[in-house]
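Here chain A shows up in two complexes: once beside chain B, once beside chain C.
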Partner chain A sequence: MRVACLQENLAKGLAMVSRAVATRSALPVLANILLRTAGGELTLSATDLELAIGYRVGAKVDEDGAITVPARLLAGFVTSLPPERIDLAVDVRTKSLNLRCAQYETSIKGIDAVEFPLLPAAAPDDPVIALAPELWREMIEQVTLAAATDESRPVLTGALLRLEGHTLILAASDGFRLSVRSAELPREMGNVQEVVVPARALQEVGRACQEEPNEPVAMSISAQRSQIFFRAGKISLVSQLLEGSFPDYSRLIPTGYVTRATLDTAQFRDAVRLALFFARDSANIVRLRLIPAGAGPRGQVQVAASSAEAGSHVGQLAAAVEGDEMSIAFNARYLLEALNVIHAEQVTLEATAPTRPGLLRPAGDPTFLHVIHVIVV
Partner chain B sequence: MWQVAGHEWAVKLLQQSLAANHCAHAYLFIGPPQIGKTTLALELAKALNCTDAERPCGRCLSCTKIAHGVHPDVRIIEAQEGALKIAQVRELQREAILAPFEGKRRVYILPDFQQATPDAANCLLKTLEEPPPSVMLILTATDPGALLPTIISRCQVLALHSLSTQETRQALQATCQADAARIELLARLSEGRVGWAIGACRDEQVLKARERWIDLLARLPEERLMGRMRVAEELGQKPDQVPGALDLWLLWWRDILLSQVGCPELITNIDRADHIAESAPRYQTGEIQRFIQSIQRTKTELDGNANLRLALEVLCMDCPAPRLGLNP
Partner chain C sequence: MSRTILHLDLDAFFCAVEELRDPALRGKAFAVGGQPETRGVVASCSYAARRHGVRSAMPMSRALRLCPGLLVVRPRHGAYHEASQQVMERLHALTELVEQISIDEAFLDVTALPEPGEAIARRLQARIRAELELPCSLGVASNKLVAKIATDVGKASARGDGPPSAILVVPPGSEAAFLAPLPARALWGVGPSTAERLAALGIATIGDIAAAPEAELVRAFGKNGYALHRHAQGLDDSPIVTFHEAKSMSREVTYARDVSDERALRRTLDELADDVAQQLHAAGKGGLTVKLKLRWPDFTTLTRQESLPEPACDAAAIRAAAHRLFDKTWERGKAVRLIGVGVSGLMDPLHQLGLWDRDWQREGRILEAVRELQKRYGADVVRRGAPE
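The block that comes next holds the complex of A and B.
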């Protein structure tokens, strides 16, 4: 293999694929990045057998070939090189990668590319869904925050991706909260399809969308291989799907409400953030009091937190409140995380009882909803 | 072609299940150490993932990767520090819910499962009972008595036997370049542990160590009391090699017994056939039997944490002295 490329392109690619490198694995080759040339392009790939990321680097290819080299070393090293042209060559006999950049000459020991797992590729006849990167990023951000981080129920560490008619639905829940986001598809899908995608893979897709904001991001699902493919410009991403069925979440979404408050998102977010200082020592409990208009000129939402050691705090927000007065308590951290991903100006909070989950959604936007379990105090 | 020495019935059974697409989700291979349990498990993994028509072909990329231990979907999970830990089982379970990455089936091989901690074994029960659809678990164990009954009842059990000398000889001829005498000796010494035979064929040290122990042994009957104490001392200096040495001695005295009762062609230590034939008539049959029992007793006692030096001294004193006169 003999290739020439620019340091900045290579460094960018290495940083992106490094995110899929296995930290500890039974296969030593998984700690490496695969460099392969094909069709006049240099492709970098890494995988931990759960997620695989590939990156096409613009390069001048003189001779085809492939090698794998340790990811940490290569990524760190290339980042530190001066921003100039890098010449890469593989020494087949010693299985090492020779780099020449400016006044430096380096040889990095690698492992034969044959040992690297074959990366799955999307079948050409799988239906492709292309959406704007900005939309993908927002959807992923809104949903993955609710995915479970502990492995006791593996299927909950993923997000449900459901294709039905003209809509795409993403949903995730860790048992304490539930995020559901839907989006309009450019064309109608045939059958209803449901898969569970690891949240980590989706987060990487979100990151890829940020890197490649100009082109639509294409997704396709291979049902029989149980893999999902994303392609965002130079970046391609493959993730294994999680096996097992996602629990039916529709029963968790409250229907109707007794009290509904509509308030300014930014103000609400700030109030919860302030309350969190006092909630920290007492299991993050923040108490909300929803007071309808009858008692004052306008409705009001009180955001209160207190702890025996730190002290107490009350915030008062103007809000449009319908229904009965109600006191309800949430985990402030969950509330804050949800408010952080709601970009609408106004947010509504619906509650049926102090012992029933609350429903949070951007005002006037039916595409996103977030259910948070209450804390009974 | 299944690259397995012996175990024909097991291979046949597995081939039939593969052909009928009716494999169990979990297998347990039971049998003495180093008779090819893990090898059989790996061949099964190859057959499950092979892309060729004749499975396993041994030539396709999948088969080569499995043979080199770099297939992403076939994993051997070995005990760490003498025990299979619960963390390793959890790691397996985490991986197992994913679909195979490259092949058709994820295969986890857990060799010597008797080394699993009770926690690890219990943790595996759920997965063993109902693994994800594309996962197969293959456990191997030397002693089914050391496994939880709940583990055994969740697997299809294949009890493998030691190979015959003939099968071991063929396996050695196929895999190692060595002269016929060496192959014959190793085939006999291996007692059907083909893995040991192949290892010993490649590693000169194994036979050299045996020479040392046999020399010491051959010397023992001729020694007086002080000499025997010195032999016991020499033996006791390498505690980790004592069980192996005692096994060699057992075979040696078996040879003498066989030679005496007129079956010299069955002896194991054929490289010392002359020595055995010459010394055999100088013992009484009863003496030989008693000493064989004595060696066996010592082995049991050492397993039960007896004082190594004392046990060996008693053993060395039990050794029968040859009758003089026949060979001045």
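The block that comes next holds the complex of A and C.
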């Protein structure tokens, strides 16, 4: 292999694919990145056998070839090189990758490319869904925050991806909160399809969308092989799907409310962030009081937190409050994480009882909802 | 305006209570505490035993070597607790400003009372003697620090075979002079290691500390240097604390013989966790941190703790955390001398409800019903129990 590319492009690609490198694996080659040239392109790949990320680097290829080299060393090293042209060559005899950049000459020991697992590719006849990267990114951000991080119910570490008619739905729940986001599809899908995608893979897709903001991001699902593929510009991503069926979440979404507050999203977010300083020592508990307009023209939402050691804090936010006065307590971190991904100017909070889950939605936007269960004292 | 603080200390308290039960013990050398063969220690010893060098906190086996005829009396904590309460009631009858610091010691702030401190002390001592037949000693001074040291000095200078029943008054203005000749060890916060380091600086008495430049003490002892310097001059403005909010709750046991059997250790863990849960329950609190304490036969002690996502008050959660800590700390077959379970980070118990809990809607209704009951009949009418 003999190929030349720019340090900047190679560094970017290495950083991206490094995220799929196995951190602890019995297979040494999985700690490496595969560099391969074919069809006049240099491709970088890494995988931990659950997730694989590939990246096409703009390059001038003189001679085809392939090698794998340790990911951490290569990525760290290339990032530190000066922003100039890098010449790469594989020494087949010593199984090493030679790099020349500016005044530096380097040889990095690798492992033969044949040792690297074959990465699955999307079948050409799998139906493809292409959506704007910004939409993918927002959907993924809004949903994956609710996915479980502990493995006690593996299926909950993923997000449900459901295709039905003209709609794509992403949903995730760690048992304490639930995020559901829907989007309109450009064309109608055939049969209803449901798969569970690891939240980690989706988060990488979100990152890829940020990297490649200019072209639609394509997704296809291979149901038989239980894999999902994404392509975002130079980046390709394959993930294994999670086994098991996602529990029916529809019954968790409160229907109707006793009290509904509509308030400024940014103000609410700031108030919860401030309350968190005092909630930290007391299991993150933040107490909300939804007070309908009585004597005054408008209602208010009080956001209060206290701890025996730190002290106490209360914020008073102007809000439109319908229904009965209600006191309800949440984990401030859950509330803040949800408010961080609601981009509408106003947010509504619906509550049925201090012992029932609360429902957050961006005002006037039916495509996103977030359910948080309460803390009871 | 200068304050008047009394420090009261019941003389050989447990022994005095035992003598009430069995007057034949009067004048005899005896000690209340655990049996020597089960590694008991002396909890309290009679003045006759003290003359042989027996002291509290000493292993009982050693006390018996010092005083071969020593009678060992099994402690009856219920009786001591009851007697202590009766004493404290008499203190509270005098003023609200009572700070109980242990089962047999308390501070009183009597500044607001019309009589001089010494007269109040004499009356109190006489009353406790007459009504409860318990001897006590008192120190009277302008602050807690000097009052307590006054009691200690009064007791130490008492003559005769019986209890000291001392009263020592340190008039306002003479605190520093009173403290000056005493050994540095007599001061609050001066333990063996501080005393050693003071000695290395050529400081033997409290007067020496008072005379030392503050900067030198701060250099040697950091922040504590300031307090040391102030205290040595008899200055202390700490108030009478009438209410202590518990910061932690714990239970521990020392085994009569070292235990290395896993099942026995785990059984103890369960019992301790249940005890702590009961304490929490009684206080209406939950704890965010569970702590395990283990002591090996060579007396090295280690503690390990785990933070919980929400304050636990049920035995099951505390048990589970204690066992997890035990798994991480104990090696199979290792002998354990002492084992303890504690909970800290106390706060009102609360519970994050789960969306997938099969019966969350039912749980919600139960909670509402509980709340309604508590509103009507008080918080104690019903509480969350522990699933068995």
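Simple rule for what comes next: the second predicted complex is superposed on the first by the 376 of 377 C-alpha atoms of A that agree within 3 Å, B and C clash if a C-alpha of one lies under 4 Å from a C-alpha of the other, contacts with A are read in each partner's own complex, and residues count from 1 in each chain.
Just so it is clear, contacts are C-beta pairs under 8 Å (C-beta built on N, C-alpha and C of every residue); 3 or more make two chains touch, one makes a residue touch a chain.
Given the structure is predicted, the values throughout are model-derived calculations rather than measurements.
With chain A as the common reference for superposition, the partners chain B and chain C occupy compatible, non-clashing space.
Contact with neither chain B nor chain C is seen for A:Ala38 once the two complexes are overlaid on the shared chain. Looking at the shared chain after the overlay, A:Ala308 reaches chain C, while chain B stays out of its contact range. Across the overlaid pair of complexes, the angle with its corner at the CA centre of chain A and arms to chain B and chain C is 80°, in steps of 10. With both structures placed on the common chain, the touch criterion links A:Leu27 to chain B but leaves chain C unconnected.
In the superposed pair of complexes, A:Ala121 makes contact with neither chain B nor chain C.
Once chain A of one complex is fitted onto chain A of the other, the partner contacts of A:Gln240 are limited to chain B, with no touch recorded for chain C. In the overlay built on the shared chain, the residue A:Val92 is in contact with neither chain B nor chain C. By the touch criterion defined above, A:Ala102 lies against neither chain B nor chain C after alignment on the C-alpha atoms of chain A. Applying the stated contact rule after C-alpha superposition, one finds that A:Ala344 touches neither chain B nor chain C. In the superposition on chain A, A:Ala266 contacts neither chain B nor chain C.
Superposed on chain A, the gap between chain B and chain C at their nearest CA atoms measures out to 11 angstrom in whole units. Put simply, chain B touches chain A in their complex at residues 61, 65, 68, 70, 72, 75, 90, 93-95, 97-99, 101-102, 132-134. Note for the complex: chain A touches chain C at residues 173, 175-178, 247, 252, 281-283, 285, 307-308, 329, 331, 353, 355-357, 371, 373-377. Chain contact summary for the complex, chain A toward chain B: residues 26-27, 29-30, 47, 49-50, 115, 117-118, 120, 151, 154-155, 225-227, 240-244. Contact residues on chain C toward chain A in their complex (touch as defined above): 245, 288, 309-311, 345-357, 360-361, 363-365, 367-368.
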